[in-house]
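Note that the chains are named A, B, C and D in the order they appear, and that numbering of residues resets to 1 at the start of each chain.
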Amino acid sequence: MRELRAGILGATGAVGQKFIELLADHPWFKVTALVASERSAGCRYSEAVNWIGTADIPASMASMEVLPLGGDLPCDFVFSGLHASVADHAEPHLAKAGYPVISNAKSYRMDERVPLLIPEVNPDHIALIHQQDWQSNGYIVTNPNCSTVGLTCALKPLHDCFGVKAVHVTTMQALSGAGYPGVSSLDALGNVVPFIGGEEDKLVHEPNKLLGFLDGNQLQKASIAISAQCNRVPVLEGHLECVSVQLDSNTTPAGIHQAMESYSSPIADLDLPSMPAKFLNIFDEERFPQPRRHLDLGQGMTVSIGRIRPCEVLDYKFVVLSHNTVRGAAGGAILNAELLIKKGFLHPRGNF
Amino acid sequence: MRELRAGILGATGAVGQKFIELLADHPWFKVTALVASERSAGCRYSEAVNWIGTADIPASMASMEVLPLGGDLPCDFVFSGLHASVADHAEPHLAKAGYPVISNAKSYRMDERVPLLIPEVNPDHIALIHQQDWQSNGYIVTNPNCSTVGLTCALKPLHDCFGVKAVHVTTMQALSGAGYPGVSSLDALGNVVPFIGGEEDKLVHEPNKLLGFLDGNQLQKASIAISAQCNRVPVLEGHLECVSVQLDSNTTPAGIHQAMESYSSPIADLDLPSMPAKFLNIFDEERFPQPRRHLDLGQGMTVSIGRIRPCEVLDYKFVVLSHNTVRGAAGGAILNAELLIKKGFLHPRGNF
Amino acid sequence: MRELRAGILGATGAVGQKFIELLADHPWFKVTALVASERSAGCRYSEAVNWIGTADIPASMASMEVLPLGGDLPCDFVFSGLHASVADHAEPHLAKAGYPVISNAKSYRMDERVPLLIPEVNPDHIALIHQQDWQSNGYIVTNPNCSTVGLTCALKPLHDCFGVKAVHVTTMQALSGAGYPGVSSLDALGNVVPFIGGEEDKLVHEPNKLLGFLDGNQLQKASIAISAQCNRVPVLEGHLECVSVQLDSNTTPAGIHQAMESYSSPIADLDLPSMPAKFLNIFDEERFPQPRRHLDLGQGMTVSIGRIRPCEVLDYKFVVLSHNTVRGAAGGAILNAELLIKKGFLHPRGNF
Amino acid sequence: MRELRAGILGATGAVGQKFIELLADHPWFKVTALVASERSAGCRYSEAVNWIGTADIPASMASMEVLPLGGDLPCDFVFSGLHASVADHAEPHLAKAGYPVISNAKSYRMDERVPLLIPEVNPDHIALIHQQDWQSNGYIVTNPNCSTVGLTCALKPLHDCFGVKAVHVTTMQALSGAGYPGVSSLDALGNVVPFIGGEEDKLVHEPNKLLGFLDGNQLQKASIAISAQCNRVPVLEGHLECVSVQLDSNTTPAGIHQAMESYSSPIADLDLPSMPAKFLNIFDEERFPQPRRHLDLGQGMTVSIGRIRPCEVLDYKFVVLSHNTVRGAAGGAILNAELLIKKGFLHPRGNF
C-alpha cells in the first residue's frame, strides 16, 4: 500500500501537536502539510509553534513551512484540529475542494450526513459519506468529543446486549482537555471546577448518534436519556467518568462484566495500526482505573472500566477512564482515517 | 452561663487537632482534658502530637499533659475524634461512666437509640437520648460522615417541600478526609482514586436516618433510594458532590432554588456560636461553588450549592460543597454540643 | 485621625483585588476610587472584575463605578497595582497632578529619587520623597518585588550586625506571583519552571537599594554581590527561598539566630495596623517553614526563617518564607502608606 | 553472550519495582529471583506487591514466588533495592556467599573498597573491586544517591576542563524519591518541604568520591567544597537542581557549554543497552529543562542541563535535571551491571 500524504489543520494548537506526535512514525501516513493561521504561515513549524509535548518535535516536521488555509494543499487528505469557529467554514470548503477531512472539531459532528465515528462502535456509519454531495471526492468524517468517547465505548456492549434506557454520568476531566494555555493554574491547583462550557450537551447528544443504526441511508439515533455533570479536576491527562445505567432487560453485575469482556469489536480483524490490543480493559481491583496509572494502556487507545456493581437508583454503575487527547482526540481521528483506508474511502489525490 | 469543661478523645489525631483548633477561643467550652493512646499518655501535648495545622497549637493546650483512656477525666463531657475501632468500646464505656460523648466516630451513628444530628436539619432527634439507658447521666450523640453532611443539608429543604424519592450522588472528596498521613502523595498528585472504603455505604444510610422523623420514641427513617459513587481528588479540603434527585411532587429549578433559599433553620433563633450566618449559600454563577474558593464560607459551616438545573434522567441536579473537617467533622460536633447545652442536655458534672 | 480616601489603580487585576480585600475593613483608609482600563470604566466593579478571591467582593466596593485613568480621582492618594507598562506613564502623571502614589509596580523602584520601602527595614528612606519635584504635593513611593522582600527582611539584621558581603539565593515561587490567569495549569501541575522573566535581576539590585543608607540627600546603595536563581513551583501562595550568605565578620549559627531574633524593628512603637506582632519568625524544626503551613503568620506580614546552619561554600545558609501577595505586594504597600501617615506625608487632599 | 540471571533484593519496594519494570525486556539479563521480607516470602509476586507502576507487572514475574533473604538464590548476581537498614547486613553477607551485589542502597557507597559508579563518569573505579576480599567471587558495587547523580554528571566535564573548586546546589526533588507511600499528600500538595533527612550530606560527599581518581589501588577523592540545600516539591518524578560553581581556571559561559557538549563519555563505544544516545542534553531555551517535559529523554538516562550563565557570587550557574528513579536509582544500577559485564566482572555462577 502506498503511503498517503496527510495534512494537519490547526497544526500549532494542542490537538494539532498531538496529531504530529502520533503521526511521526505512522506506517500508512506521511505528514506533508502543516496548516495554521495567517500569523504562522510562512514560518518554519518549529518557530511557529509553542511546543507543549514531552518529546521533541519530530525532526521531519520541525523544519516544514507552515501553510495558510485557503490555497491548494500538498496532501491526499487532512486531519482537522481546528477550533469550531474556524472549522465551521474551513471544513466544508476543503471538502468541496476535494479533500477528505478527518475532523476532531465539533462543527459537523451532529450533521446528519456526516459520520460521527468510533471504529470499534459504529464503523458502518461510514456509509453516511455517500449522503455528502460536495461535487467532488471530498467529505467530512468526525470523531466524538473527548468526554463522549469513553462513555460510548462502555455503553456499546450494554446497548447491544441489554438495551440502554437511561444514563447518568459525572465526569472528572483532565486539564489538557482545555488546550493550551487553557485553565489557569490558580483555578486548577487543589481545586475542582464543576462546569465545562458546552460539555454536558455533547454528552447528551453524541452517544445517541454513535449508538444509532443505519436505516437505509438514514441514521436512526438511539434514544437514551442521558444526564451529565461535568467537572474539571487537577489531572493532566485522562477523563474519569462515574456512570450509572438503566437497562431494558435484566442482568447481573457479572452479566455486565461478561458483555463488556466479550464484546466483539467489528474491526478486530482489520489490523489497523492504532487499534489497541484490548479495546475495553476491565479492572477487578476496586480502586482502579486511575488516570495517572492507566492512561496509557494500549498506547492511550484502550478504554478502562472498573467498579461494576448494582446501582440503588438506576440498574448498574461503573467507572470509565479514557485518554482524552489520544483516544478522545487525535488518536481517535487517526484510527478513523485508518478505517477509511481499509474501507476504500481514502486514496492518493493524483499528482501535483 | 458557666463555661463547660470539654475533653477531647483522640486528641493527637487529625480530627482531634481540628477540635483543638476550633475550641481554642470558644465562648462556652474550655478544653480541660486531652486524651490519646497509651503511647502518648503522660507527655505534654505539644510533644505527643504531630501538629498538622497551619496555625500554632493554642498556647493553653500545648503544655497540657495527655491523659490515657480509662481513668476519670477532668471534664463535663467529651468530644470524640476516635477511630471507630477504639470508639466501639470506649464510647459506651464513657457514657456508662456518666460522660456525655459528642462523637464524630462512625461506631454508633446508626444505633437506633443514638441521635445522628445536624442541628439545622433534625434537632428534635436529640430526644432519642432518652432511649439510652446507661444507668448514669452519660449518653452518645453523633454527627454524620463528612460526605453525608453536605448532601443531607441540601436535601432537607427539598424533602420538606417536595419529598425526595431517589438520589444519585457522585463525590469528589478532599485528601484531608483520610486523615494524616492518609493518602500517599504518589496516589494523590495529578490523579483521581475512584474508591473510598466504606464511604458509599454511609451515603446510602445516614441521610435516611437524618431525614427521618420521630414517631413517639421511635425514629422512622426516610426511605430515599440513594446511589453513591465516591472519589478522592487532589484537593486539600472541601468535598464537592454532584447530585441528582427524583422528587415526589412537581416543581421547577426556580422552585428548588426557592425551597433552599427560604429554608427556615429550626435553630435560627438559638444564637449558637458555631452557627453560620447563612446555612445554605446558593450560587448563580455556573462555575461555582469551588472547593478552594468557597470552603471557608461561614467559617466552614455554610453549605454551598450551585448549578441547580433539570436532570434528564431524574428530576433535578445540582452541586454541593461542604467543608469536610469543619462542617463535616469537628465543627459539626461542636455545633451539636452547643445545641445540647441550649436544650438542657449538658451540665457541669459536679466537683472533682 | 480622619480616615483617608484611597484610590486603587489597576483595581480589576490580581494585585488590585488584593488591595481591595486587605482594605475592606482598614481603620485608617476608605476606598473611594476604583480605577481600571477604559474597557472597564463606567461598569460596576462587580461586573468589571473577574474576582479571584476566596471571600466575596467587599459589599461596599462591589457596586462602585469603575473610573478611567486620566481624570480627577475622588481620593487623597492612590495605591497602584498597575502593570509596569501602564505605570511607566501613569504614575508620574498622577504624582504631578498632586496624588501620592503608593506603588507596587516596578517602574520607579530603582529611581534614585523614589523610596523603595520596607517599613521595618529602611523607614528613613522616606526622606527621598523630598527629592521628587513634581511641582505639587504628589510623589511616588514603592515597595519591592515579591521575591525581594523576604530575602531583604532576613538580610537586614545580618547586615546590621555582621555586614553582608555576598548572597546566593534560589527561589521557589508561588503561582499567584504571576497574576491571573498567569501560569497555565499544564505548565504548573507536577512541574517546576526554572525561569521567571526579569526576576533574578530584581533580586540582584533591589536589596542593595533597600539596605543602603542616606548620605545627606543621596542614597548610598549597599554593595552586596547577589546571585539569584528563580523557579516557579506548583504552590498557590508563598515564596520560599534558600539563602547562603558571606559575612564581613565572624559569627556562629547561634549568632545568626540571635541577630535575627533580637532585631529591633525601627517602627516597633508606631502601632501601624498592618504591622505583624512578629516581624521575623524563626523556626527550630528543620522541616519548617513551609508555604502552605506558615503563609499566614502575622496575617501574611510575618517573614519566616528556618534551618539556620553553616554553609560549606559561603558562611551560613537558611530558608526564608514570605507571603508574596500580602507582604510581597498589596500588604507591603499598605504598610508603606500607614508609615507615610505616621510620618506626616499623607493628608486629606482638600474638598472636591 | 549468554543471558545472565539476575536477582532483585527488596523486590516489593519502590526501587525493586522499578528494577522489575526496567528489566522486563532486558537483552542481557533475565530476572530469576525476587527477594523480599519474610512476610512476603512464599507468596506469588503479584500477591506480595502493592504495585505502583503505570504499566502492568511484567507477566513473567507476576507469578514468580517471592524468596526470603538468607538462602541460596537461583541467580548469577543481584540488584539491591534494599533499605540501608537491611542492606547493612545483607549485602556483605551475599558478597561473601559469592554473589556480585549491584546496589542502590547507601550502606557501602562511601566504603573505600567499594566502587561508587556512574559509567560515563568514573568507569575505571571498577578496579576497586579487587580491594574487596570476601574469600569468594562476590563483591559490592554501588550507584550514587538520586540527587547526586545529576549534579555529578554535570560537574564531570567542568572538573576535567577547568577544575571545580566549590559548588552551591539547591535541589527541588520529586516525591517518588521518598518511596511509597512516602510523603503524605497533605504535606506535598501545593507545598514545599525544605528538608530531606540525610540528603544534603550525601551531596557533600558522594560527588567527591565519584570525581576522585585511582592512585594505584587507592582512591584519591576530589576536594570540592559543596554546599547543598534540599527541598521536596510537588513533582512526581525528576529532580531539578540549581547549581553554582567556582572553577580553578577561567572560562566563559560558552566555554562551559562547549565543555559539556563535547564531553567524551569513556563508555561511548561500549554499546551498553541502557546507555542513552545523549549523555548530557543542553538546552538553550531559558525556561528549560523542566521535570515534567524532559524527564524521559534517553529513556530517563539522559541528564539535562540549561540556563548556563555567569554567577555573581561564584563563577557560573546552571540548572540540571535528572530522572530520580531511572538514572538516579534502578536505571543507574542496571547500567553499572552492563558495564561490569563488558569489563569481565559478571559471569554465570555455575549450575545449581
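Assume a contact is a pair of C-beta atoms (placed from the backbone, for glycine too) under 8 Å apart; a residue touches a chain by one contact, two chains touch by 3 or more.
None of the values given here were measured: they were computed from a predicted structure.
Under the touch definition stated at the top, subunit A and subunit C share these contacting partners: B, D.
Looking at A-D and C-D, the interface holding more C-beta pairs in contact is that of C-D. Taking each chain's centre as the mean of its CA atoms, D is the chain most distant from subunit B.
Rounded to whole angstrom units, the spacing between the C-alpha centres of subunit B and subunit D is 48.
Taking the mean of the C-alpha atoms as each chain's centre, subunit C and subunit D sit 43 Å apart. Spacing of subunit A relative to subunit D, judged by their CA centroids, is 40 angstrom. Across the assembly, subunit B contributes 187, 189-190, 234, 236, 292-293 as residues in contact with two or more other chains. Across the complex, subunit C meets subunit A through its residues 52, 175-176, 180-190, 234, 236. Subunit D meets subunit C in the complex at residues 166-168, 170, 172, 187, 189-195, 204, 225-227, 229, 231, 233-236, 240, 242, 244, 246, 286-293, 306-307, 311-314, 317, 319.
Contact residues on subunit D toward subunit A in their complex (touch as defined above): 53-55, 189-190, 236, 292-296.
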